[in-house]
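In the two complexes that follow, chain A is the common piece, with chain B as its partner first and chain C second.
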Partner chain A sequence: MSVVVADRCSKWYGHVLGISDVSWTLKGGIVGLLGPNGAGKSTLIKMMAGLLRPSRGSLTVFGGSPFDDVDVRRRIGYAPEHEKTWDMLTALELVEVMAELAGVANARKAAKDALAQMGMTDAMNRRVKGFSKGMRQRTKLATAIAHDPEFLLLDEPLTGVDPVARIDIVERIKKLGEAGKTIIVSSHVLYEIEALTSDIVVIYRGQVLAEGNVYEIRKLIDQHPHRIRVECDQPRTIAAALATADHVARIVFERGAVLIETRDPDRCYDQLAQAVLEGGVAVSALSSPDNNLGAVFDYLTGDRR
Partner chain B sequence: MAMTGQIHDLGYKRYAGARRDAGTRWRVIMRHQIAMAWKTWWRFKAWVGMAVLISFIAGAVMYIFSNRMFHGMGRVGDAALMIRDVALPQSIAWYCRAAFITSLTLGGTIIAGDVQSGAFTFYFARSVRPRDYVLGKLGGLGAITACITMIGPVLLAGLRLGLCESASDLVDHLVLLPKALLVGGLATCAYAAVPLGFSALADSRRTALAMWAAYYLVGGTIAIMIGSISHTGWIAALDLPTAIQGVANHLFGMPLIGPRLSGITMAEGITSVVAQVVAAIAIVWTAVDRAQKTGIGGST
Partner chain C sequence: MIGTIARLTLKRLLRGQVLWVALGIALLPVVVAAVLRQSVHDPMERATFALDLYVVEMFVLSVVPAMFVASSIGEEIEDRTITYLWSRPLPRWHVTAGKLLALAPVAMVITLLGWLAAMKVGTEAVAPRWTLVGIAAGALAISMVAAGIATLAPKHGMALTIIYFLLFDVPIGEIPASLQTLSITHQARGLAGIAMHGVRSVPDRLTPAITMAVIALVWFAIGLWKIRRTEA
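Right, the complex of A and B next:
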């Protein structure tokens, strides 16, 4: 049985098109939903989560409409992209409420288990207000898995997370996949998706362009410089360590950050991690602007301006 | 790009653990609402404290003026007994003030706050329906408001029964309990539903709060003025505290004191409160249903 079946599914926000005529079937496993910002990833995920109803066509999850059928929604776990949450609650209280809303009988135990799965046991009695970005993401993931859903929708779960937390979260998502859950992870950064799965769905301007193996699209993307933005206390130390590398095309300094353009992201990430460790640099955020991906998609769709 | 590779079917397992019925979600939302209110002293606890103080003062007045020393003192004694009996209805105005302050710290911002904080995404991505949400929020705010507007009057009615001097006196005054329940219930509905309705009218907490405060304070004052000038009871009854106090005074047989209350009949008072509560619930229902359908609360 297919987990998700979209049949000529479209969604408009007034006159703005979110998703256009998408026909797509998901059978299971971990699947990366890849596309630049504004491509329609969040819209598609929200439709699968039952937060939006398709304007035209149909989208079913486990054979039912997630928008209309609460029994379908209780089989889905959703971690939204946005950071907003009830900050005055502790992580345990937040996850417990979410588990209760999903109908879990022993919500406190389920919340503790979910937080333990996300490595948050030590911090579970602290208020979410004081959490770092990585801890917030892990708490959000815990809210999504607390009711033990079969299908997980993770909207940009690695955005803004520091490198160490990123590796940790990736491993935890992989474990959930190994446990048999169907997981969709969205991102505008190919290298985030690549760390999780080789199966991707490429979405651009509201349409599913392709689905399949990540390595094919990576070959295309590698021809374009990949941009990495590092927010840290010593941008010059990072720049000095990478300035002589042959794969680095350009380095730009910004306030409290350095932007690196590279033609070999793998090597660049390795050297970046080394520079951080050797220089004792405190990294507050690591992000990858999606201009390169947008350029590739424009190229793929023949939209060369 | 050509279609390449295959997505592997790793399969999934159907969750077989215990689930609560979908009909229980409103209780979870209600409980969460109360727990959130209880977290900060200035949102709820302080105003419960104010209600306790009102009850204590009114109770003390009832107790003191029930003293036997006032018996047989002619007009002074009669005045004392009257003060004892008006303590309960007259305390209603003070409970309404405490409930209004609570509506400013809690009720007037609930739904706008959920929209602002993105909580709709959390609710409606789970097995929560709009009716569960509305019922839960109304129930939660109703329980919070009842602590202020219902418990005090009922306790005072109980105290008045305790101060009865004979069994026949007790039987005569038993009716005070349902009357206190009715007035308390009316005030609870008004101060829970109407601010909640305003909180559903705006996407920002501040705007919702400003609208509710303006409606209650400015709109209420205008209604009283027009009602007094035109001697039209139903217009004056559009002011919520006036309507509730009017109903209380009629129920407890108190003289209608002052221009605010002089022209209000019990039917006008009850009709005004019920109409405003129904309108508020309709607004809440429409706003939440629309928000759920349009996916508000999530970011794109």
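Right, the complex of A and C next:
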């Protein structure tokens, strides 16, 4: 049985298009939802999470409507893209209440287990207010898995996470996939998705452009320089470590950050992680502006016409 | 599930600042009572303060439940933290009901404490029992209206609720015409047995109670209807 079936599914926000005429089936496994910001990834994920209703067409999860059917939502775990949460609660309190609301009998134990799975045991009694972006992402993931759902919807779970935490979170998501869960992970960064799965769905301007193997799209994207923005306390240390690398096309200093343009993101991310560790650099945020992906998608859609 | 939402709501309230601001506003009648007491020395005359203080209490009733209920529901939707709740396997009305279950009693207790203290300070007497009933019922009803308004307009839920009561409900309650029936604060005053021109001799308490309940339930039902259709 298919986990998700979208049949000519469309969603508008007034006159703004979210998703347009999407027909798509998800059988299982880890699937990467790839597209630039505003492509419609979050809209599609929110529809699967039961937060939005299709304007036209239908979208079912486990054969039912996630918007209307409580039993369907019981089988779904959702980690939203936004960072806002109840900051005055501790991580344990937050995850526990989420487990309790999902009907878990021993919610405290389930919450502790979920936080342990995300490597948050040491920080579980601290208030979310003081958490870094990486810790917030882990806590969000813990809220999504606390009730042991079959289907996980992770909306941009690696955004803003430092390179070391990123590797760790990727491994933890992979383990969930190996445990048999169906997982959808969205991102506007191909290299994040690629680290998790080779099975991707490319979404752009509200439409599913392509689905299948990651390698073809990667070839196209590799022809465009990839930009990585690192917000940290020592931008010059990062720049010095990467300045002589042959794949680095340009380094630009910004206030409290450094922007690196590279032709080989894999190597760049590896060297970046190494520079962070060796230099003792405190990274507060790491992002990948998606202009390059947008350019590739423009090229793809242009090619289709 | 409603109990869990209520506990979550209370926990957040206790760790936030709204509770303390609301307590400050609830003490406004006490300040007014102290000022009145300083200006009048005749104990018989002081006994008439009850009506003045009740007018101030209507202001408190217009503001405090809105601060709790409307801001809680409105901010949850605006901040998108509601997505955590709505993605859980529970009917959406549980969220609204849970918040009301937690916050309406707090609004009732705070307004009652302010009223009791004001009466003690101003008139040196214990507040009449029915005034307590009127204020408690008023706080509950206004909380339900606040839930409805905040669901309809989450971004400005608290402000709109306060504006609704201060610029519509309280003023029409003062108009000696049938329109005043629509005023919750007017009905709360009727339930308390306090009329425009003093304490009624034979007050009818059933009509104001039923009318207040109907108005509050209509607003609450509008809120529940809207929340079923709201998308996050």
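The working rule: the second predicted complex is superposed on the first by the 301 of 305 C-alpha atoms of A that agree within 3 Å, B and C clash if a C-alpha of one lies under 4 Å from a C-alpha of the other, contacts with A are read in each partner's own complex, and residues count from 1 in each chain.
What we mean here is this: a residue touches a chain if its C-beta (ideal position, glycine included) is under 8 Å from a C-beta of that chain, and two chains touch if they have at least 3 such contacts.
Note that the structure is a prediction, hence the values are computed from the model and not measured.
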Chain B and chain C placed together on chain A: clash or fit? clash
Across chain A, the partner (chain B or chain C) reaching more residues is B
* So, A:Pro80: does it touch chain B (first), chain C (second), both, or neither? -> both
Given the touch rule stated above, what does A:Lys46 touch, chain B (first), chain C (second), both, or neither? both
Query = Touch check for A:Glu100: first (chain B), second (chain C), both, or neither?
reply = both
One more residue to check, A:Gly28. First (chain B), second (chain C), both or neither?
first
Notebook entry, point to check: So, A:Val281: does it touch chain B (first), chain C (second), both, or neither?
Noted result: neither
Next on the checklist: Between chain B and chain C, whom does A:Ala195 touch in the aligned arrangement: first, second, both, or neither?
Outcome noted: neither
Chain B stretch colliding with chain C in the overlay (listed: 61-69, 133-141, 151-159 or 169-177) is 133-141
Interface residues of chain A shared by chain B and chain C, listed 46, 49-53, 70-71, 73-74, 76, 78, 80, 82, 84-86, 88-89, 93, 97-98, 100-103, 143
Chain A residues touching chain B in their complex are 3, 13, 18, 26-31, 42-43, 46, 49-53, 70-71, 73-76, 78, 80-82, 84-86, 88-89, 93, 97-98, 100-106, 143, 147-151, 177, 180-182, 198-199, 202, 209-213, 216-217, 220, 300
Chain A partner, complex, touching residues on chain C are 1, 4-5, 7-8, 11-12, 15-16, 79-81, 83-91, 231-232
Listed in rising order, the residues of chain A that touch chain C in the complex are 46, 49-53, 70-71, 73-74, 76, 78, 80, 82, 84-86, 88-89, 93, 97-98, 100-103, 143
As the complex stands, chain B meets chain A at residues 1-15, 17-22, 24-25, 28-29, 32, 35-36, 39-40, 116-119, 121-129, 293-295, 298-300
